[in-house]
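Following are the structures in question.
Look at the two complexes coming up: chain A is in both, with chain B in one and chain C in the other.
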Partner chain A sequence: MLAQLIVSGLALGSVYALLGLALVLIHKATDIVNFAQGEMAMFMTFVAFVMITQLELPLPLVFVVAPLLGAALAAVTERIVMRPISDGPPVNALIVTIGLWIVFNHTAGWIWGYDPYRFPSLFPADPVEIVGARISPNSLGIIAVALAVMAGLYVFFEYTREGTAMRAASMNRRAAQLMGVNIKRVAFLSWTLAGGVGTVCGLLVAPIIFLDFEMMVSVLLKAFAGAILGGFNSLPGAVIGCMLIGIAETFFGGYVSTAFKDTFAFLVIVLVLMFRPSGLFSRTAVKKV
Partner chain B sequence: MTLWLRKNWIPVALLAAGLVLPNLVEHYGNFILASILVYSLVSLSLTILIGFAGQISIGHAGFWALGAYGSALVVTELGAPFLVGVLVGGIVAALFGAVVALPALRVQGHYLAIATLGFALFVQQVLFEWESLTGGRQGLFVPRPEIFGYELTDDYAYVYLMLVIVVLLTWMTENFRRSHTGRALMALKMSTVAAEVAGINRARHIIIAFMLSAFYTGISGALYAHLIGFLSTETFTFTTSLSFLTMAVIGGLGSYVGALLGAIYLTMAPEVFREFKDAQMVVYGLTLILCMQFLPGGLASLPERLRSLRRRRT
Partner chain C sequence: MVANSSRRDVLMLGLAAAGTMALPRLSWAAEPGVTKDKIIIGSYLPLQSGLAAGATQLRDGADAYFQHINDNGGIHGRKIQWIVENDSYNPQQTVAVVKKLVDRDGVFAIVSTLGTATNLAALPFLAQRKVPLINPAGGHERLNAPTDPNVFGLLPVGQDIGAAMANYAVDKLQAKRVAIFFQNDPFGKDPRDGAVETLAKRGVPVVAETSYVPSDVDMSAQAVAMRDANPDVVLMMCITKQGALLLQKAQQLGWKPKFLAQNTMGDPITADLAGEALDDVMVILFTAIETMDTPAVREANALIAKYHPETKPGYWTYLGIAGAKVFVEAANRVGPDLTRAKLLEVLYNFGRYEPGVVPPVNWSRESHGGPKTFGFAVWKGGKLNVVEGW
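Our next item is the complex of A and B:
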């Protein structure tokens, strides 16, 4: 029981972590919290669903194509919607991302209806026995995919020119700009990356909770909670925070109540913001002025 | 006198329209007017929160629900008079507003918006699960408003009662804007650091703004409950919160005129866009984005904007 709960908690946490990473990527680069992140992922998951059911593409191919399309969608969105207001007050940018939320959410409902669909999983569902615990390969698969994405991001940020520029920009935008980093390009790239990573999250979560126009709302809330636990400005922090949320939620659901899982996330958000506003892992609270 | 009128023609005209209009329209028209008044309070509450304090809420349906259920339960279960119910609705919402804003003690920026998202989902879930109190998916019947023993059976009389409440709260808002707290909030919005250096306690003022905003929304929810006569948890979804935000932004966050225009937009849009049906929310979202891009001051700033465009051309 314990091992099973931990593995499924880690799987759930990996899903949250992918969305959390997308949120933190954009926040680090632009100081904007993209409230539409989950809805964009949901929208792309519907597109993937069309590719599977109507174009009858093989599932592994869809898992490659859909994130690329998700990245393209986010890139276009950044270019035509976000960039014109990037110099305005931050509240306006936030309102625009909420506008994007409404647009993506209801366009999906409008096109594909409001009923839940069963989304095929890349991995078999029958549990296998591993050292005495019955573990679903789906959970292991989710964890593996998420780890692969994280490894990819790590390599990108550590070893490529663009990644280094993005790290520099998130440390000190002004200084990076003076060193010749193109800030607008950094914002553009961060949206693109986040769009791709978010789509992977949608594809992984849809087989667990059914594909539905509202499926990402509570995932987004958990990703927020995890990202806040991690301090909202650190990619590894967001991953660990989301993993903790996933495990805590699974244990809470397993031993206490499944009805109030979202309430639990809300409590985490309020408590962390009150007592450890810079996240669990930071030593000192750094204030940007 | 004429000078006073020239300076204050907008509120005078609006008040006159409010007094005359209910006589000119049929029963359904009065229902529409009542809806506009209900929404205008929510819009006003968001004007306080976003326009004055610079904080976003995407969970106002939660406060609205607390006001609605608070008032409905106080009236039906405890037999309290209608006006007491409305006040209780507002106060319950305000108390929760303080809880949602508590993180303001420590955090800067837009983390509070995330807390409001969690709050909205939390309220929705509790209302749905707590069947013995809220009726769960069966819903809850709410009696018509009653004032000093008279039941306001038709919307015509109710509109006038609402008008009194809305005018009162609008007047309060205008005074609040000019009060010490109101000015402090705007100073914080312009530059948090400068305001704090001048001795303004940021957290306290933001919590006050949240409480006041939640109070208005709670009152609005209570008035709505007695107008519709039936509460179901499906009314208080996340979509409702987002529609509220859209309405307030499109109307304009600067003043009560914007709040009223936003309320008119939210009430009339379903009538106008009826053929769009499912796409109606898409239209809301698009108008919200376009509004931020091209008319950040909302509909209320349209005359000003047109004037400046014309001036530029000549």
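Our next item is the complex of A and C:
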């Protein structure tokens, strides 16, 4: 039971981590929490579904094209919806992202209906026996893809000009601006990246939870819990936080009670915000006077 | 003082005059919704909501049957006009549209509606106006075992479904250890309670119980916990999505108990979702399935193909047809002089009636709710086959 739960938990955690990364990417760069992140991913997964079932494109190609389209959708959203209000109070942006959530959710329901669909998986689902536990290659595949995306993000932030600019902007926006970093471009890039990463999350999670208009709601909730656990401003923190949520949730369901499995994520959010509001891994900022 | 009183007299006179003018219309008007050549009835359905797919199928089913009756001369020469209003699964909207149906459209009865909360919201108004409500689809005692004299339900009470599943597991599947997987709300809990009570009576232990909430999308913990309790039969009181997720997890774990699921798992969409994991899963039935080879089901399939070819026959379509059939049968039995009071009287003396697309009902003045007998079916290669009729 133990090995089974760990692999399930890690796979689930990887999915949460991808969405958590998307949330943190935007928040770091713009101080905006994009509540529509999950719904945008769901919307793009439906688009991918159309590519698979109606255009009959091969699955690996869809896995490349759909995240690019997801990035484009997020980029357009940033330009058309978010940028005009970027100078207003932050609460405006918050309300607009909640509005976007509803818009994407209803548009998907309107176009594709409210029934769940089976979404094909890139990896075989038939389980293999590994050290006494039956593990589905799909779970391992999810973990691998998620790790690859994370590695890509790491390289981008550490070794590219744009990445460095984005890191600078998130550390101190004003100083970065004075050093010639284009803040608007950073916001645009962070939305674009988050859109792509979010879409990968949707594509990975749809085969295991089915594709429907509300599939991302619980994933978003868990991604939030994980990101908050990780401090909401650290990319590695979000990944570790989300993995912990995935494992903890599965263990709680397996050993304690399935009835409160989902409540668990809420509990984590509340407890962390009460006792360690800056996350498990952050050092408290000390100001010398 | 004098002036005052005379002014009041004038007012009273005016009111009285208005009253007498209104009176004849009230007392000598024909029965609401019944004209020389028409019977106007209505329905409220959540045509825009998460339940939209089911609501649309239910509408098409009932509509196909009404059209069929109209094309064959109607009821004692009167054609049926069925007015469907959308309530978006919002109880406040239901109250508004049901008032519109009764007061403005003047419907004779409400037939084949959908939604637990929405139906419950409409009950007080319909009871007060004594408007017959036939086939309110939902999961609540007041809809499935109604005490309101104007409500007639065609769906079973949750506890009865669970009890029937438990009995079938013990009698036909030789269950010695049972696990229960249920949705953690009245939809899953009522049948779960019925099953637990019945199993206790029959001395069969419940070795594991796991639950989920509809937003839950990972069933691995549930699957592992139940597998470790080693049951021989698993009862599933769940909706299609989570049920399919559990079956897939069980398949991945290589765990093969006998699964007996609530009728929701008989929906054709289940086969798309669960794939091979669905093989040998049994389902309790309280509406027909497409492959049922009886005259009533063949007729229903033909009607849907004729009037709504875009809709597939299934749970909701048969349920819509069942409500329409009961109404048409009752109105036919009343005869040419159709009134609400007479319709209710006929329904109180309905006795055993077989709509064919749902199990037989047996209605009296005291009891006019859903069925207590059920059918059972099994999934094989993506097809649901009847094992036992009702």
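Methods note: the second predicted complex is superposed on the first by the 283 of 289 C-alpha atoms of A that agree within 3 Å, B and C clash if a C-alpha of one lies under 4 Å from a C-alpha of the other, contacts with A are read in each partner's own complex, and residues count from 1 in each chain.
The criterion applied here is as follows: a contact is a pair of C-beta atoms (placed from the backbone, for glycine too) under 8 Å apart; a residue touches a chain by one contact, two chains touch by 3 or more.
Every value quoted in this text rests on a predicted model; they were computed, and no experiment measured them.
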Touched partner set for A:I102, first chain B, second chain C, both or neither: first
Which superposed partner A:A125 touches (first chain B, second chain C, both, neither): second
First, second, both or neither for A:L178, with chain B first and chain C second: neither
Touching partner for A:V64 - first (chain B), second (chain C), both, neither: neither
First (chain B), second (chain C), both or neither touched by A:I228: first
Chain B versus chain C, judged by how many residues of chain A each one touches: B
Doubly contacted residues of chain A, that is, touched by chain B and again by chain C: 214, 217-218, 221, 259, 262
Partner chain A, residues of chain B touching it in the complex: 50, 54, 56, 58, 99-100, 102-103, 105-111, 113-115, 117-119, 121-122, 125-126, 129, 193, 238, 242, 245-246, 249, 278-282, 284-286, 288-289, 292-293, 296
Residues of chain C defined as touching chain A within the complex: 49-53, 184, 210-213, 215-218, 220-222, 224-225, 228, 240-241, 244-245, 248, 252-254, 269, 272-273, 275
Complex contacts: residues of chain A adjacent to chain B: 31, 33, 35, 81, 84-85, 88, 90-92, 94-96, 98-103, 105-107, 109-110, 214, 217-218, 220-221, 224-225, 228, 232, 259-260, 262-263, 265-266, 269-270, 273-275, 277, 287, 289
Chain A to chain C touching residues, read off their complex: 1, 4-5, 8, 12, 113-118, 125-127, 134, 136, 205, 208-210, 212, 214-215, 217-219, 221, 249-254, 258-259, 261-262
